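Chain lettering (A, B and C) follows the sequence in which the chains are written, and residue indices restart at 1 in each chain.
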Amino acid sequence: MVISLLTDFGLSDNFVGVTKAVILNINSEVELIDISHGIRPHGIKQAAFLLKHSFKFFPRGTIHVVVVDPTVGSTRKNILVETDNYYFIAPDNGVLSLALREDKIRKIIQISNDEYFLKPTSDTFQGRDIFAPIAAYLSEGISITRFGKTIKGISTVKLPKVTIKKNCLIGEVVYFDNFGNLITNIDKKLFQDFTRKDKFMIRIKNRIIKRIAHSYSEAKLGIPLAIFDSFDMLEISINQDNASKFLQSKIGTKVSIEK
Amino acid sequence: MVISLLTDFGLSDNFVGVTKAVILNINSEVELIDISHGIRPHGIKQAAFLLKHSFKFFPRGTIHVVVVDPTVGSTRKNILVETDNYYFIAPDNGVLSLALREDKIRKIIQISNDEYFLKPTSDTFQGRDIFAPIAAYLSEGISITRFGKTIKGISTVKLPKVTIKKNCLIGEVVYFDNFGNLITNIDKKLFQDFTRKDKFMIRIKNRIIKRIAHSYSEAKLGIPLAIFDSFDMLEISINQDNASKFLQSKIGTKVSIEK
Amino acid sequence: MVISLLTDFGLSDNFVGVTKAVILNINSEVELIDISHGIRPHGIKQAAFLLKHSFKFFPRGTIHVVVVDPTVGSTRKNILVETDNYYFIAPDNGVLSLALREDKIRKIIQISNDEYFLKPTSDTFQGRDIFAPIAAYLSEGISITRFGKTIKGISTVKLPKVTIKKNCLIGEVVYFDNFGNLITNIDKKLFQDFTRKDKFMIRIKNRIIKRIAHSYSEAKLGIPLAIFDSFDMLEISINQDNASKFLQSKIGTKVSIEK
């Protein structure tokens, strides 16, 4: 049984280590896989984006634990969601909402049964005290209805929308990766439906790109290129360089496509 | 069998990877859990603090390997400590001393039997060449007395003490985490014994806090709050912001409580 | 069965996590060990150096997956190499070449059989879509000849060479680690063959060192020292300080030895 972890804990403190320790102390047979602990502190949208683009690669039945939790200890709920293929455990702040559009929800539980919590339960670290033990007991086969009562809906995050006006589609950068590649909110299907077989110009920061590459190496060094990336999104990159720095762009930078 | 690792190796080099490789090469059945590798280079006190607040969450019998070792290869000893519930392996520089106050010591071994070392043994990397193989052989059930002779005491670190003068308790920041939360050396019991049910003022950098929160969300954005955190220590935080940056505070900043 | 991972993915994105997920989805029995994901983006030489100094510590039969791949999707090959003791999977850009000098090559396969690729295969992330599944299927015992046809040679990286003129040996810094230690391209045997039992002076940035230390602690604080390190290379360090910062040195800084 695999438990994945996606948090904004960082790797300098002991937060990830003790979360894993609590899980192993309950079920020593699980396989723990880190999706990332490098989410910006309180970066709910960033985590929602990465979860959406990660969860399906895991074995069926994986328990995805997502702890990006700026309102820990407030009245926001803790939830456990069973879908057709996976389980998700997280604070109900929207962090699961993008992933859950892509896998049919079977049941949502509001976690409340403190019989399964670590005691004493702290005011500040429910990742360790609630999410970790719930994931561990779930991995042992405890029925999800033991953890709390069924509820109807979950909170959602709002992502910037793509707008289309006449012959112009306007999106924006929603993520940049370790290499400085700029990932937009324009997906492949949307792009193709808009451009069909017409000529197009992709504009970012007054630079213009006229074609889609199929390899970073197709572009000369220092010249921006556009490519559909492993997120299946339109990405602006520079061959062997950092597009984010080179174009002085980051999250929110507009990317337009003109026909 | 779990082996935990806590070091100042960082994650850019191959140091953590080869340490784990050496362990698995001897015992492929162990479960390796990272507490952290983000200790500041040579940060013995920081590691001692994190170990103290981590070791008890692990399954009984876990072997905790701590390698923060500025004096590697000098005359300082390498030690293996058996307590009522765990094993600890580290250089004898105080890094174990805070944890060992909280779990009864049964036996201290000075590691010396090079039959269990990796050969050739380097001058600079005993984590790989000594601590890793000793941990692996220990996990296989080799008796701890095989690794060296029994000794009496261990080195300790000195942490700043809390002082109480009349109606004023003075502590200080001893750690700050990934979120910029400022963790003090004032624990919950000490705080409660001092304030009893009286009114109090917590002062840090000329900001005043008059109550203990039970959730970061209780405070308005941008206003410092005090909370007992997952370390069970008094922590100064800012709701959804970085208190360390906001208050320009770090390790050593005074925190006083006045009645 | 152990699979090691060495990449320039960093730990902030989900790249490492999904690579592992793909592997576990095919073979849930493997043990995944990170050598490092902190290689500078596109740092082929840095990865080649770390692989050379890591692979032998792993259990025999380990599959080493190295993904530092600036020309992903171009005409460069993907290769699987079987040596006397290990397997290596990587783009053919020289990243394996230093390690493969030290373990006899039995067979080189150009990976081409897309029956074993993840579908749909992206243009930008062969670590997830090709290297990960090939490693997983290999770990399950699939014969390496199933993955593609045998080829003859591999690409190599060129490292700076040591030059010797009269009584002067000139090398340079090729790596610096988390502690700021400066690792040169002068190995122990070369040094000893050159200096024999003569007196010598090691010169870096106009600082002079006249002896080889056997522990960082032998040097006074603030004084540069020379030591043979865990890479078995001549290393310039400062006891409990960061030599890279202190000496304002990094990769390419000359280090000379005069007799």
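In the analysis below, contacts are C-beta pairs under 8 Å (C-beta built on N, C-alpha and C of every residue); 3 or more make two chains touch, one makes a residue touch a chain.
Quick caveat, the model's predicted, so the values are computed rather than measured.
Because chain A and chain C carry the same sequence, their contact can be compared by residue number, and under half of the numbers here are used by both. With rounding to the nearest 5, the Cα superposition of chain A on chain B corresponds to a rotation angle of 120 degrees.
Put simply, the C-alpha centre of chain A and that of chain C have 31 angstrom between them.
Shown for chain B are the residues that touch two or more other chains, namely 11.
For chain A in complex with chain B, the residues that touch the partner chain are 8-18, 20-22, 24-25, 28, 41-42, 70-74, 122-125, 128-129.
Listing the residues of chain B that touch chain A in their complex gives 2, 4, 6, 11, 31, 33-39, 50, 53-54, 57-59, 62, 177-180, 213-218, 227-230, 232, 235, 239-240, 242.
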